[in-house]
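Let me give you the structure first, and then I'll get to my questions.
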Amino acid sequence: MLFHIRMDVNLPSTMPPEQSAQLKADEKAMFQGLQASGKWRHIWRIAGHYANISVFDVASVEELHATLSALPLFPYMTIAIAPLCRHPSSLHEDDR
Amino acid sequence: MLFHIRMDVNLPSTMPPEQSAQLKADEKAMFQGLQASGKWRHIWRIAGHYANISVFDVASVEELHATLSALPLFPYMTIAIAPLCRHPSSLHEDDR
Amino acid sequence: MLFHIRMDVNLPSTMPPEQSAQLKADEKAMFQGLQASGKWRHIWRIAGHYANISVFDVASVEELHATLSALPLFPYMTIAIAPLCRHPSSLHEDDR
Amino acid sequence: MLFHIRMDVNLPSTMPPEQSAQLKADEKAMFQGLQASGKWRHIWRIAGHYANISVFDVASVEELHATLSALPLFPYMTIAIAPLCRHPSSLHEDDR
Amino acid sequence: MLFHIRMDVNLPSTMPPEQSAQLKADEKAMFQGLQASGKWRHIWRIAGHYANISVFDVASVEELHATLSALPLFPYMTIAIAPLCRHPSSLHEDDR
Amino acid sequence: MLFHIRMDVNLPSTMPPEQSAQLKADEKAMFQGLQASGKWRHIWRIAGHYANISVFDVASVEELHATLSALPLFPYMTIAIAPLCRHPSSLHEDDR
Amino acid sequence: MLFHIRMDVNLPSTMPPEQSAQLKADEKAMFQGLQASGKWRHIWRIAGHYANISVFDVASVEELHATLSALPLFPYMTIAIAPLCRHPSSLHEDDR
Amino acid sequence: MLFHIRMDVNLPSTMPPEQSAQLKADEKAMFQGLQASGKWRHIWRIAGHYANISVFDVASVEELHATLSALPLFPYMTIAIAPLCRHPSSLHEDDR
Amino acid sequence: MLFHIRMDVNLPSTMPPEQSAQLKADEKAMFQGLQASGKWRHIWRIAGHYANISVFDVASVEELHATLSALPLFPYMTIAIAPLCRHPSSLHEDDR
Amino acid sequence: MLFHIRMDVNLPSTMPPEQSAQLKADEKAMFQGLQASGKWRHIWRIAGHYANISVFDVASVEELHATLSALPLFPYMTIAIAPLCRHPSSLHEDDR
């Protein structure tokens, strides 16, 4: 089941550099595990922004929320979610 | 070069059904040619909306505009565009 | 799987009364079938608006979109969707 | 009498962890009392957000405000309220 | 029970003058009955707008919706509602 | 002369409790003097918000501004103002 | 008493040219009377818009509304109003 | 050449009172020089706000920016600018 | 004197094709005269939109408004204007 | 390939003056290198704002993002991007 997600990251300017570096390293590690598993199906950087566009492929809304809220940067993100379907005009049986 | 595009379609309620059917058939045909060529890289329906999320893979901004403005439904679309890059945390060399 | 949905209905003021009456009757019939099946889990009228707040309980995003887009009033609705989870503080195992 | 309420929680990033833990524990305890009494009729987590959608069933607007403003997290919440009615198409006499 | 209501009226410019005159006369008659009964507790014109600020004093949300949706101009109004309470600093026991 | 005023209060979370308590006590005292004089004609709490809806009855715009800007909580308020008139449909000669 | 007013005019594209010409001529005549009387104290065209910024000098909110709602173009205007005072830093006793 | 300018001032609540008093005194002095020279052609306080509506009469956009950015309160202002022309319906040859 | 201008064009879907073709041809002719004269200093198409970003180089705000309001498509445009200056960091004495 | 970029700069009021001076000097140096290379094709100050309008001429979206995110002021900027094309009505073969 696919969800389109935009994440904008806002770290407070008062956060010590070592804390933000640790958060980003932890985020990257967790992301790569999810990417390898196929659950974090797509990710792109939005040019000119500390933000990404992602597509999640998860089994349920519960898994969607559990995954997002476990991200180390979750407390510093603004998140927008849209549920996605296969488009009826597509040539493919399955667009993930 | 990747661009994230959201297209919302608004056909006037006064349009005759045969005109809208023809427009949609023409749109589908042009879309499928672009999908087959790899230029219309991704498309998903946004649940509950007459709208899609797409990713275009084109050689230039000129090609992006020429492709969009040639779509039969272009005069009835609201379009939002964001340029995309490979995300630096990705496990893949190339995310299209 | 639960989705929170707000539907605002806007019928054009030029629609003939018999057409809008038929649309509303068809909408009511389809709604009641979905309510009886448990898929349209909750519905409330928003006071002072031609709008409702609903909770859908469906098996997938595809079923969500198929159900919404089959509604007779769908072409005249503005729809906003938010995926819902059980709240971790709830006393109940399952809140539908 | 039913009210639809969305609550978004924003704790300042400078709040000491023990203070936020205490606030959340107090909030949970008060919530569960209200849920058990039937006044906090529904609650769901909005996926991807530190926010909930709730339905309150209270005797008056005064009770609505007294309940909300007594919540431990009230000073940190953005709240949106919509009064709700039974929907005229519903199969049920009473939808709470 | 008090509700603060703003009503903005938008009649289509294509409506025949006799129809809008009849609608306004019907609206005025129904309004005056509600004002006399005490349910439409306050009304003011907003300077420079075809709009009013009102305070309703009704027994329930159901009565609020039934009253608003029965107004002849209801299909042409944009309505915003906020539930009101007595203010704790007021010198009066009851502010209606 | 009547003005409709909405005041939303935002005290910084870093303000010492004794300072906010003093500000609120001073605000209440000044409010009650204005209410007794008839200048602060109406006040209601908006349910679920640290905000009020008020109607001022003042002799001039200068008096309106002087009164508002002298309030102890003025530096912490977001204020929205709309000039009001008697509504032409009202049964009363004077609606204050 | 001074009010700052922005008026944006939107004539429907279906209005016959002679009707819009008549409306504009009537508007101009009424405007010039009000300008000569001193009530329409200032007027400027906003560059690039069919809109003006004006300052009215009227005796009351009632006169403000009566003047605006009598304008021939009133049904086609979007109006925004802000009450104005003399600025405390001004070198002049009276800024109109 | 005329420009319509709205300035909203937001001083941080943490600024020491003597610093804000100095800033305001410097601002007033610079303002009065510009008012005396005719460049700051009009100024009014917006009732209920720490904000003003002004009209500048300057020789160029460069002078407009140089004047605004030299104001002591400039770093704390939100500024909105609209270029103004003489209105074609005005009775006067020159409206400044 | 430079002004940054965004123009979005919205032709009504009911306009006969020959009328819109004539309007566009007239617009193009007038544009090219202004481009040749140096007054319409820059123009770019915004990809995916029937809209342009332009920079005008005119002698006064009056000339800016006279030029814009004489465009054949002016009644169908939404226009946003920002006055521009040379940037202080630029290597050039004059950036037009 | 052209991109239209608006950059609004917001430095925290708590930043020490020497730090902001250093950031601005570094920004200016990097900007001038990019301007000299032709990649930062245009820049203008927006009158009355700590903001600029720029046009970038880069080989790819990746270069666009790499350039923007390397700017010393990038963490303090709000950035809006629109891809640009040559306008079909232009007299020139190439508008950069």
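As written, the chain order gives the labels A, B, C, D, E, F, G, H, I and J, with residue 1 at the start of each chain.
Basically, contacts are C-beta pairs under 8 Å (C-beta built on N, C-alpha and C of every residue); 3 or more make two chains touch, one makes a residue touch a chain.
Computed from a predicted model, the values in this text were never measured in an experiment.
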Checklist line | Neighbouring chains common to chain B and chain J, by label | finding: A, I
Note to self: Using the stated contact rule, I'd like to know whether H-I or F-H comes out ahead in C-beta pair count.
What the structure shows: H-I
Margin query: Interface check for copies chain D and chain F. Shared numbers divided by all numbers used: above half gives same, below half gives different; which is it?
Written below: different
Check: Of the pairs H-J, G-H or F-G, which has an interface that repeats that of B-J (more than half of the contact pairs shared)?
Finding: F-G
Notebook entry, point to check: Once you find the CA centre of chain A and the CA centre of chain D, what distance in Å lies between them?
Noted result: 28
Check: In angstrom, rounded to a whole number, how far apart do the mean CA points of chain B and chain E lie?
Finding: 45
Margin query: Between chain E and chain F, what distance separates the C-alpha centroids? Give it in angstrom.
Written below: 22
Notebook entry, point to check: Counting only residues that touch at least 2 other chains, which ones in chain F make the list?
Noted result: 2, 45, 47-48, 61, 64-65, 81-86
Margin query: If I apply the definition of touch given earlier, which pairs of chains qualify?
Written below: A-B, A-C, A-D, A-J, B-C, B-I, B-J, C-D, C-E, D-E, D-F, E-F, E-G, F-G, F-H, G-H, G-I, H-I, H-J, I-J
Next item on the list: Spell out the part of chain H that touches chain F in their complex, as residue ranges.
Entry: 13, 45, 47-49
Notebook entry, point to check: Which part of chain H faces chain J closely enough to touch in the complex?
Noted result: 5, 12, 61, 64-65, 68-69, 75-76, 79, 81
Checklist line | Partner chain A, residues of chain C touching it in the complex | finding: 1-3, 60-62, 64-65, 81-86
Next item on the list: Spell out the residues on chain B that touch chain A in their complex, using ranges where they run on.
Entry: 2, 4, 27-28, 31-32, 35-36, 42-48, 52-53, 55, 82-91, 95
